[in-house]
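Shared between the two complexes below is chain A, which has chain B as its partner in the first and chain C in the second.
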Partner chain A sequence: MGVPSALRSPKSASVGTARLIRRIVSNYLLRRLLKALFTVFFVTTLIFFLIRLMPSNPIEVYINELIVQYGFSYEDARNQAASLFAIDLDAPMAVQYLDFLRHLSRGDLGNSLRSPGTTVLSVIAKFLPWTLFSVGTGLLLSFTLGVSLGMLMAYKRESSLEPVLAGIGSFLSSVPNYIIGILLLVFLGVRWELVPIGQMRGSMTPGIKPSLTLEFISDIFFHAALPIATYVLTTVGGWMLTMKSSTISTLGEDYVTVARARGLPETRITTAYVGRNAALPLFTQLAISIGFIVGGSILIEQIFVYQGIGYQLLVAISNRDYPVMQGIFLIITASVIASNFLADFLYSRLDPRVRIVGRE
Partner chain B sequence: MAQQSVSLYQRTGIEWLRDFLRGIGSFLKLIASNRVGLLGFIMVIFFIVLSTVGPRFVPLDTKTKVTQIYVPPSREHPLGTDHQGRDIWSQIVHGGKDILYVAFLTGLISTFIGVVLGSLSAIIGGGFDSLMTTLADIWLTIPQFPLLAVLAGFIRLDSLSLLALILAVLSWAGLFRAVRAQVFSLKERDYVEAARALDLGLRHIVFSEILPNMMSYIAISFTFAMTSAIYAQTSLVFLGLVPISTSNWGVMISLAWTRGAIFSKDSIYYIMSPIMAIALLQLALVWMGRSLEAVFNPRLRAGG
Partner chain C sequence: MNRRSAQPILTWTEGPEADVPLSVRDLWVEYRAPRGAVKAVRGASFDLYKGETLSLTGESGSGKTTLALSLIRLLPRSANVRKGQIIYRRDGQEYDVLSLDAGDLRQFRWKECAMVFQSALNAFNPVLKIWDQMYDTVKAHDHSEREEVRRRALDLLRLVQLEPERVINAYPHELSGGMRQRVLLAMSLLLNPQVIILDEPTTALDILTQRTIIDLLRKLKEELGFSMVFISHDLSLAAELADRVATMYAGRVVEVGNVYEIFYRPKHPYTLGLIKAVPTVTGGFQELASISGSPPDLINLPTGCKFHPRCLYAMERCREEEPELIPATKGHLVACFCWEQVQADWDREWQQREPEAMEVAWPRS
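Right, the complex of A and B next:
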């Protein structure tokens, strides 16, 4: 303290750095955050080199297309491609990579190839919220429902209700999500005509203004109802079965017996002793589940013509719109990683043990 | 002396075959001990027989018959006909082969990668192990299906084997983690310690001591790798990201979908047949796998 920094010996500086590193390592959340950031970086790098090292380099494909279809000269085509992809094609790969990272850090993901003048960022800003909304709601609902049903199954494992629920759970968790989506559409929409699927297409009724009115909110839920139902149906089985087995093993723990012996009220035992501990393994499953459900949104949004990011990704892939593809893939990955981080955060709140180093 | 130790620790071909058959025998016994698992196992066998032997007896109906569009099921057409008047049952019989082929190949390759990397990581340990685990953790957070969809935008996935290879490489991380954990617990066992003390070499320890004890566990991983391979390939076909060359269940759904068959009430058998085939095959594999899991994990067994 008070010593001018110039007078500090190099040794104390390195001690300071070492302490900083130790503090980062010992802080659970900071460690997870660093890992999340590194993962985003890793995926970004992966997709960058993937696009450039593929046997059919999309940039070359695009240049060829310009030459063949629009009669561009090679030079012009190359310049056009370079400006659209926002990279200098003559530069060495390492420079291109650094350039790409610099643009990316400013949020510049390039422009759409197929609809000129549209930035990739604007495409994402327009469609991502709908996917986050529908997937988020679906996940929240299925998690709550699955945890409650799983606990119910564990408590009532002697009753005749349990095998029925277990059967439904295992059926739902093994049937592919797009099949459940098609079944909902075919039976609810076409066979029994229970829901007006034609009107439910899109993410909201055209012409309605986004606002916090009841009309708007019920409209977006109306349009998202079938995708949300599909997400809930396809994931709830997994939660139920995991929660059931986890609750059963928790019920056998000594601390539950002790809590019973102490005469604690049953509701308190169920929530604070059994529920809290039994839900822990579900959080590790959450990480994989989020990635799966977000990935599944490509299929589900296509089936229900829901205008989310998954639907746009498919449009971009079939149009060979590489910058949009790359941008959407990055944003999907980033949101999965972000929600994993959130799940980790919740986990560390629920289970203080993980915040202590070395007890993972 | 040296001669003796070789005969003690190196198995002959016949002994290896006997152990292998015994492994299969105990595998079957474990499956039979669980009713749901047995049902799943029988269903899987049924699908395999249907798709391999079936095409010899049921010729694929490719003739367009304008007068027989969307005919309901009858003796002649057990599952009715499609939008071109072709028999759906024959398409179901012929449509499973490709899917099963890709699923088996993916299962084989991904199990191989998972077992090799997982055991190496657990045995070598140290820096290599922490590098591999970090890499696997990162890989698991990348959403697989979007990555696969993007990849399909770059590569023409018209070769089934290539598709299987890509699916297997993408799914290495989950298996790696599971195998690594298994080997970690196995390598502390006495017989592995003994083999190490005798300096029998890494290859012997992995292939003769650790792997045989993981056989049933590997079988579980194999079934789960198959289910995700079936999911991935049929969805890719459904989205139109894989060029449609032959007829398989995914192609049937995709065709029914693009022809608008889903919105026509008469076509229910056309869309439902491949859907039920895929759903039942998935269910059968999961039942088989999950009952194996329950057999090996007493914690789960306690729950019934």
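Right, the complex of A and C next:
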């Protein structure tokens, strides 16, 4: 009241700013979000420069192609290329970078260099769903299967079944996914001719209309079957072994003994007391591995000629199609970070001991 | 469940059998270990009377917990009950606990015989609220109305001096160690069991929390009238809470008797040693004595009386023959060849002391 407003306002303004900062710092969600945004920005910048540091560039690649495939002279090829590419690769990096950022801030990822008129966003929108579908299905299948088998192994750890499963599990988890992919292709498809790999190429039979009919759904599963089988085979071993050791240590917990002393039915103990606690750490892993969906599919999609985002990334890299590469890498980065976010959120939902931290 | 034929197993029991809800006879339990069989319980026998507190004491490794776990058949897989009987009685029926099938055993646990564990800190499933775990327990045994269970759970939580509404909706990690122990206590009373086993219920708690738990136990027992097996290596707690005390050594009950008898006139050299090893606030150090030697190796046990290598009274006979648990005086059993001499020495020492000092050493309310 008595204090002149001129004296009061600067002080209250600084108090206001301090409060805002404190609120950002103390708000868990906001803090995480800011950190995530910063990470995306940092990685995107890094990738921008890294891909330009790679030997060769889109024009060189194109020129080489014209010379090798069509017998163009270097001069002709160069002229042809220059007219095609609407990008000034001779501009200073900093200028290119600022240009990229300006477009990015508007949500514009640019156009593909090799197929002019095609936006990067449309490439992502067209191919990403197939990858999400095939890797996601594989991941869910292998998680469910692995967790069930892991618990079975823990419960039957004195039977002869356990060493067999453990052997299979550690074998599968130690073989790289592209080796398994190639083995499936060679043996199932070529040697024994058990599956018609020719018809299975692509993400769906050409000409079929996307709809919610049984025909379409079975068609996309038919085309995704081999990639899904590869993802399941390569990841199920890891889930099995982790779940087994997690279950064994949970079985030794006091609360399981007390639950038995309380006379609870064995099914209730297995699900709500052992299973739920043993699977807790695995849910975090699951969420994190969702982030690697996009990155993990590159080689597999190439082996089976599956039209997903990984396949597109490979094509873009060999053409040095900078905008498409940037766009897909951005998606990869964002999905890894988002899934970390999801992992934290999921964990705090599932484990009440962590929930407190999330609430504050 | 099969009724057992009457047999002379209650030779030293006074009063009708119906007043003895639990009898253990000649129980042998072994653990498989790489070095050989660990003989954790070797022919333990005792009776638990209706409404009494029987305290099982002894050093670590004397087989107290193994004995307790075998009462509800919750031994780990490596354990093996070699022989013996555990007889549970209710409403004139006798049940052989060791031969109950899986379904009956599940019903027997908690509803007839509940157990409060040492480590209440980890006794609860961390991802379920207290209420869910309470309801789980009841659901496993009865088909009770949800609201009725809730009311009973709240009553019991109030009885163990917790804020019922807050605690019932809490997750285990939101409660302190003492609170969790009390919740477990409340949960053990949920189905109104005839027998409650408490395995070192206060060991993990600080001295003041111990105090409240002990007072609580005494109050609960007066109000609800269950029988209690109280396992503790802490003799002063046993002295406070127990009606009778059983001392265990190397898997065997070596002395059982009324709490006054045990503390004022111990007859087994081991019990005597345990009592002398307890410090008192006013006693000073000169009166403290520990038992020399260390507990026996349970794989390679000494011959004869298992206590003889550490015993001041050991004689030739003790090295060759293991003494049986026999009645010394009325209701006081001891497994020692020289109990009369132990008794005589104790009496002499007792007379030299001032009576007030003993009263301070072993206060009884």
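Basically, the second predicted complex is superposed on the first by the 256 of 360 C-alpha atoms of A that agree within 3 Å, B and C clash if a C-alpha of one lies under 4 Å from a C-alpha of the other, contacts with A are read in each partner's own complex, and residues count from 1 in each chain.
As a convention for this text, a contact is a pair of C-beta atoms (placed from the backbone, for glycine too) under 8 Å apart; a residue touches a chain by one contact, two chains touch by 3 or more.
Note that the coordinates shown come from a computational prediction; the quantities given were computed from them, not determined experimentally.
Asker: Looking at the superposed three-chain arrangement on chain A, would you call chain B and chain C a clash or a fit?
Answerer: In the superposition, chain B and chain C stay clear of each other.
Asker: In the overlay, answer first, second, both or neither for which of chain B and chain C A:Ile337 touches.
Answerer: A:Ile337 contacts chain B only, not chain C.
Asker: Applying the document's definition of touch, where does A:Arg353 land relative to chain B and chain C: first, second, both, or neither?
Answerer: second
Asker: When both complexes are superposed, which of chain B and chain C contacts more residues belonging to chain A?
Answerer: Higher number of touched chain A residues: B.
Asker: Kindly classify A:Tyr273 by the partners it touches after superposition: chain B alone (first), chain C alone (second), both, or neither?
Answerer: In the superposed model, A:Tyr273 contacts chain C only, not chain B.
Asker: Tell me the contact category for A:Leu233 with respect to chain B and chain C: first, second, both or neither.
Answerer: A:Leu233: touches no partner chain.
Asker: Given the touch rule stated above, what does A:Ser170 touch, chain B (first), chain C (second), both, or neither?
Answerer: first
Asker: For A:Ala259 in the superposed arrangement: first (chain B), second (chain C), both or neither?
Answerer: It touches chain C, and chain B stays clear.
Asker: Nearest CA pair across chain B and chain C in the overlay: distance in Å?
Answerer: Minimum C-alpha separation, chain B to chain C: 14 Å.
Asker: If you lay the two complexes on top of each other, which residues of chain A touch chain B in one and chain C in the other?
Answerer: Dual-contact residues (chain A): none.
Asker: Taking the complex as given, what residues does chain B use to touch chain A?
Answerer: So the residues of chain B in touch with chain A come to 134, 137-138, 140-147, 149-155, 174, 227, 230-231, 234-235, 238-241, 253, 257, 262-265, 268, 271-272, 275, 278-279, 282-283, 285-287, 290, 299-300, 302-304.
Asker: Note which residues of chain C are touching chain A in the complex, please.
Answerer: 72, 74, 77, 106-111, 114-115, 117, 119, 121-128, 136-137, 140-141, 171, 173, 184, 187
Asker: Looking at the complex, which residues from chain A come into contact with chain B?
Answerer: On the chain A side, the touching residues are 35, 38-39, 42-43, 47, 50-51, 54-56, 58, 154, 157, 162-163, 166, 170-171, 173-176, 178-179, 182-183, 185-186, 190-191, 244-245, 248-249, 252, 287-288, 291-292, 294-296, 298-299, 302, 310, 313-314, 317-318, 320, 325-326, 328-329, 332-333, 336-337, 340.
Asker: Enumerate the contact residues on chain A facing chain C in the complex.
Answerer: These residues of chain A touch chain C: 158, 253-255, 257-265, 268, 272-273, 276-277, 280, 350-353.
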